[in-house]
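Think of it as A, B, C, D, E, F, G and H in the order they're written, each chain with its own count starting at 1.
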Amino acid sequence: MQDKYIDLDYAKLDIDRYKRRGCSETVFCECKTNKQLIEIFSEFKNQGQNILGTRASKTQAQALKEVFSDIFYDECARTITLIQKEIEKVGEVALCTAGTGDIPVAQEALRTAEFFGSRVKSYYDIGIAGIHRLFDKIEEIRKANVVIVVAGFEGALPSIVAGLVDIPVIAVPTSIGYGASFQGLSALLTMINSCVEGITTVNIDNGFSAGYSANQINRKIEGK
Amino acid sequence: MQDKYIDLDYAKLDIDRYKRRGCSETVFCECKTNKQLIEIFSEFKNQGQNILGTRASKTQAQALKEVFSDIFYDECARTITLIQKEIEKVGEVALCTAGTGDIPVAQEALRTAEFFGSRVKSYYDIGIAGIHRLFDKIEEIRKANVVIVVAGFEGALPSIVAGLVDIPVIAVPTSIGYGASFQGLSALLTMINSCVEGITTVNIDNGFSAGYSANQINRKIEGK
Amino acid sequence: MQDKYIDLDYAKLDIDRYKRRGCSETVFCECKTNKQLIEIFSEFKNQGQNILGTRASKTQAQALKEVFSDIFYDECARTITLIQKEIEKVGEVALCTAGTGDIPVAQEALRTAEFFGSRVKSYYDIGIAGIHRLFDKIEEIRKANVVIVVAGFEGALPSIVAGLVDIPVIAVPTSIGYGASFQGLSALLTMINSCVEGITTVNIDNGFSAGYSANQINRKIEGK
Amino acid sequence: MQDKYIDLDYAKLDIDRYKRRGCSETVFCECKTNKQLIEIFSEFKNQGQNILGTRASKTQAQALKEVFSDIFYDECARTITLIQKEIEKVGEVALCTAGTGDIPVAQEALRTAEFFGSRVKSYYDIGIAGIHRLFDKIEEIRKANVVIVVAGFEGALPSIVAGLVDIPVIAVPTSIGYGASFQGLSALLTMINSCVEGITTVNIDNGFSAGYSANQINRKIEGK
Amino acid sequence: MQDKYIDLDYAKLDIDRYKRRGCSETVFCECKTNKQLIEIFSEFKNQGQNILGTRASKTQAQALKEVFSDIFYDECARTITLIQKEIEKVGEVALCTAGTGDIPVAQEALRTAEFFGSRVKSYYDIGIAGIHRLFDKIEEIRKANVVIVVAGFEGALPSIVAGLVDIPVIAVPTSIGYGASFQGLSALLTMINSCVEGITTVNIDNGFSAGYSANQINRKIEGK
Amino acid sequence: MQDKYIDLDYAKLDIDRYKRRGCSETVFCECKTNKQLIEIFSEFKNQGQNILGTRASKTQAQALKEVFSDIFYDECARTITLIQKEIEKVGEVALCTAGTGDIPVAQEALRTAEFFGSRVKSYYDIGIAGIHRLFDKIEEIRKANVVIVVAGFEGALPSIVAGLVDIPVIAVPTSIGYGASFQGLSALLTMINSCVEGITTVNIDNGFSAGYSANQINRKIEGK
Amino acid sequence: MQDKYIDLDYAKLDIDRYKRRGCSETVFCECKTNKQLIEIFSEFKNQGQNILGTRASKTQAQALKEVFSDIFYDECARTITLIQKEIEKVGEVALCTAGTGDIPVAQEALRTAEFFGSRVKSYYDIGIAGIHRLFDKIEEIRKANVVIVVAGFEGALPSIVAGLVDIPVIAVPTSIGYGASFQGLSALLTMINSCVEGITTVNIDNGFSAGYSANQINRKIEGK
Amino acid sequence: MQDKYIDLDYAKLDIDRYKRRGCSETVFCECKTNKQLIEIFSEFKNQGQNILGTRASKTQAQALKEVFSDIFYDECARTITLIQKEIEKVGEVALCTAGTGDIPVAQEALRTAEFFGSRVKSYYDIGIAGIHRLFDKIEEIRKANVVIVVAGFEGALPSIVAGLVDIPVIAVPTSIGYGASFQGLSALLTMINSCVEGITTVNIDNGFSAGYSANQINRKIEGK
């Protein structure tokens, strides 16, 4: 079985995933040293796979850039991508945020969904304080296969969107807010407790997970 | 100072409040025996004051009814009222609920606001799952001096309402909901964390407090 | 706008939803009186719509049965269905539970997904304590368009399933467990925090929401 | 509908709010870059509107000052104001703090209430440890239309004030305190659970929200 | 060492405590069968010791009464006492409650403090909603050696009392309150976080513990 | 693979576990119907395996008794055992409780450890309030291979025991206690946070898990 | 009334407390600027009162030192004292810590108790992991009038001490510990839930409060 | 008794532990000054004992290195060891991590288990996202006497491992994860709530405790 992954002792690289789940393993950069990241990127690169790194700091990106000149770092999304095979983007994922502060999380979702093969269209700062901004865009949003809604504070936007569309809504709570938002807990509870049907939820600030699931649904709908 | 309240040992009845705060003390019935309630109602009745009892069980209401034939019990609101001086109702408080299950809490607010001298107009089951129901009523709601919004589950309705009106919004979370609503905690956090201005919040299921504060604001606006 | 819903004062029936979102409004029975339920069912029946009631007690079902002889009550799922237009079931939703105690929540998901037009195939009691039971079914599960995974206690099953399939996983935590499961909170956190991609989560014990979202995804994939 | 807001991609400026809700949109500065803030301030300035920025750091204020020489930055309150139309201040909002540490939150409330058109009179450090300090001021406080009470630690001051006045009390918990205050949670719970009528509550450290609601009530009472 | 307690297998009765800590062990009745309680009371009775049982249900009291005709059951306090040696009561413990609903917890404190040898003077329903009721009694309270303050809801009374007296304050939160009181958690946090010096706190509804500690302090002050 | 378990649709009986993990699957009775339990017991019985049922109500035990006359029900422990192959008990597990109220949880541990092949010696009601009771037994406890310590309230006993012995300590928090014990959460946190080495912890009230792990360690030490 | 405090706008100095409560007001330094602290110290100094500042940073101490050369700063305790009238120290407060990490909190208690007039004797690092260290000191501890017990991690030491002495125990949880200690919450819950009588508790890391209450009890016992 | 420990005032060194519990006291470095650490290491060194320091920063290690040239610092594990008597390592402890980010906690467990006399074999990054990596190693893991499983995020790995082995599993939650992992709380709850038998749990990030308990069990099994 051992040829299914590369054993680096501190990490077992799941190179088989491409066959098993249809995509490469993503590299969660947060707790890794530069040395580890370079080694991991090298191994995947040698396999000819595309690579997506998430939660990458600027310092990490710079260290990788010195070795792999062709990586792309999105500082806002904190993602690193290294593309070796062209990605065909299909269908459409709509991506909304309630406020400006939610954009970094949305960008992580965007980079992820695009990496795995979805077209993404974004609608930022259309929160409920000025609901006409949402209504203005709703017809366009309805045309997507799936919609990601990112919101902090009380996190009510996914409920509103879900009441207005007939496509799956993936809700992403963010840690943006005042005191009793408890770093996103309030928004998470709001989304989990929504009385509007058609919403499923991912972890606080986890744009990656939302982008991944949205892409998965979008591609299935497109017959991929 | 002792003449400012009646000392029943287990309770000190604040008969002075009428002068001090402009209204009688409300009787919180939940932890009181029938014997205590009857004694307390008698004392206030002797003072010629109107009486409002909250959180009253059917059994308590029946026990009081036997002694005070003129009380009115609203089983849904769980309130008991005994009116000795006619109440002049002024201005207008709008009272909304997200769902049908939130109505008992709203009714407690209604009975309270009316008891202390406000006209109340109610709009029930206009939650965000079918937001056109709210839009249909919003012009009418805007005419009130203050609006109470009662909601369980994710409790997003107060945020939506506050984004559409220019009057104070008092938000009331209810304990209605599925598992992770944690008996109203989720709705409470939503309301406290709202990114829309103009919302203040009261305790879970506390229709009384919402009705009291709404009445206070409404009457001040009416110059009372 | 008023013709879009029926106003029963305590409830505003969203009869327009059929056009707007492609399906009827579901009736959450838990906080409603028998009288209210009968009135609501009558109104929807008059519209010729199919009706799904959730969280219905046996007593409520009996009261409705006396008026509407053709309703179907699933006591385990606590759902009531009244079918007036035949439902075409398409595609396939896989439905797994970790244990026997999770079955009532799964059944709510099953009734919901079927009501809205999906074929469902269930795999019960395949939890991680005897993981060979899951492996035995995994090939079959992979053929579905989407999989619902219902689990209490530590709620680890959705993570395992997601690691083995390439279809969207909807995770449903249940309130089954010992002390520190805190009525499903532990399972909810497990699912929300999964390090495996492709999982989105709904509320504790909320089979309805899982069934609704799974159906929505399944039907979109089937081109409906 | 598009002319109701200015679309900056990362932000949709709700310039219509002035007509719709009677006041400009407030700029929450915390998660915005200097570049974004300058662009946003420019747009609103071009509309001829007054601007209030909250949660602004010293660095942000300096960056804005370089472009807009006429802004005013209150470092304690962390607010930025740019006044283009004179503001008529009416009525009176009383503003109390329990301790010295609560003053920054109170100042945010003060700047907000004044910005939207209220006169504010402040009473700082009158907490319950030396209750005679409160009694000394209570007659003056009673003359206001509404009172904001800001408190950290156990947050008991709003309850005491509410027991002594007949005007609406808006309670603001702060994150000041020792260990088990849990960054303001304890004070928030105290205020939400008050057994004294007439209190509504806003989020931890949210002076802005308190100032906004107090102003709204104050102006309505003044017939504005 | 074995002669220091009586071994009943399911319980080891600490008959030595009288010598070691100056008083008998108290019997926590809640989880014990009638048979166990009778056996335990018999053993202590044989030792000639006074007995205090707490958290005793009416049924338990009746079962014990049949065997020990001289026990005294206080239904409100849920305490059982069996006195074999006369108790000399010394000094003075003041005992306050905020509301009527807090009285059962206070009564447990009263029975406990008296059992261990303190005089107790009680002041019930003097909560902060009508603070003149407290001021009316404060001179009397100041004469005690120690004061117990029992309060539910937001639990602010101990802070107020501590600000007005120069004797130790023992605060007891109760589980009386609305939704977000979380069965006494809110009151507990309030008391623990008090910014007023001189307060220490015991568990929610734990009148026994407050009575025990107050008695201990009171007797030491009296030189016992 | 299918012959490794019996598929009852609502349950997949893991009859292979005996080979795989050295013991039969335990039946968690709590959420099962009598009909299901009888069917499950029949299947295991047919396999000739011993059966342990946990969390069994009296009613469930009676229903099973009617079919399987040879089962043994321990009402205190809420366990059902059906023994077909004699169990050899080896080594020694010490089993302590802090109080009398913790005994039901301890009994579940005892029944479990004995069922899987350990000798158990119990020491009940030796909590820290009278620590000489523990010291009196400590020499005996030290002779066991492993010790289970069961405690509610503040749950400090495992820490004390671990400081005095050189054998593994398995700590079991119970839900016995006053208000802020939060149904065992306090005791669980105490045990998890112990500064004394050699303690591992199981779930609140989970005597089964403690008994299982203690047996596993005990038997390994005995070379089984 | 105004002569009872000095009004500095941002602070109202309670100079009357000396008469009312027998001691000066303590200055909580944490949220104050150097300028404010200097002004406050000056005012109290002018009144001839002794001054105790708590939670003072090194920087604050240095700023004060430049103005008031005779202040004493204990860096470990983070207290500043300025003594103008000699303090007579009476009786005895015993002060224990479980570990070395708890010493800063204990030192704050020590400085406070001494400031208000108590003799203090400290016993550090006598936690339950090596309980013989406690037993070695217990006779000495018993001679005090009151004992403060400071502990982090699981916070079990106060329970053990209370089981061995017949004097009031004041328990102080600290924020020292591993992950699930949640910055002292675990220790706080342990102390609040103790099944041993004679313990009352103060806030996490609140050595000041413990020292204040211990002094109050100690002095009353000494007849002061 | 005093000769059983060395009294340094701020610390009482339990030199007797070697006899009493079979091993030296471990030094928790986190809250200690360099001066204290050097003194403590000196004392233990003088006793001829081996020393293990945990939670040691790089700075602390450097300070100790200057005095004790023969110490070994593992920066990843944050442990310091000073070996004076050779350690015989027996048996086998298997040590698994779910991800790369969990390795520091695992290394603390490794250093601890080795220090106290166990052979350790590690299996890193074998989490559930690619479960074939675990299956590849499971036969080897089964050969150990006990297995430690370290996991962050949802912490499901211990459950999976326990379902596949027949040796005791010690689960260690880590603080690695996204928002709602709440610094390890989610993983802790998962492990405590596992429905798979044979798991006991230690504190978040507490590799030391896991290593200690695993060593204790391993050595007992080896007859030490």
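Here, contacts are C-beta pairs under 8 Å (C-beta built on N, C-alpha and C of every residue); 3 or more make two chains touch, one makes a residue touch a chain.
On a predicted model such as this, the values are computed, not experimentally measured, just so you know.
Note on connectivity: the fewest chain-to-chain touch steps from subunit C to subunit F number 1.
Note that among the pairs A-B, B-D or A-D, A-D reproduces the C-F interface, with over half of its contact pairs the same by residue number. Between A-B and F-H, more C-beta contact pairs join the chains of A-B.
Computed centre separation for the pair subunit C/subunit H is 44 angstrom, with centres defined by C-alpha atoms. In this assembly, the C-alpha centroid of subunit A lies 56 Å from the C-alpha centroid of subunit E. Per-chain Cα centroids separate subunit A from subunit C by 26 Å.
In subunit C, the residues that reach two or more other chains under the touch definition are 28, 99, 129-130, 178, 180-181, 185, 188, 192-193, 195, 197, 203. Chain pairs that touch one another, listed by label: A-B, A-C, A-D, A-H, B-C, B-D, B-E, C-F, C-H, D-E, D-G, E-F, E-G, F-G, F-H, G-H. Taken together, the subunit H residues at the contact with subunit A in this complex read 99-101, 103, 124-126, 129-130, 132-133, 135-136, 176, 178-181. Residue ranges on subunit E touching subunit G, taken from their complex, read 20-22, 26, 28, 145, 165-168, 170, 188, 192-193, 195, 197-203, 208-209, 212-213, 216-217, 220-221. Of all residues in subunit H, only 98-99, 127-131, 152-156, 159-160, 163-164, 177-178, 180-182, 185-187, 189-197 touch subunit C in the complex they form. Contact residues of subunit B toward subunit E in the complex are 1-2, 4-5, 9-12, 14, 16-17, 25, 28, 30-32, 36, 173, 175, 183-185, 188, 203-206.
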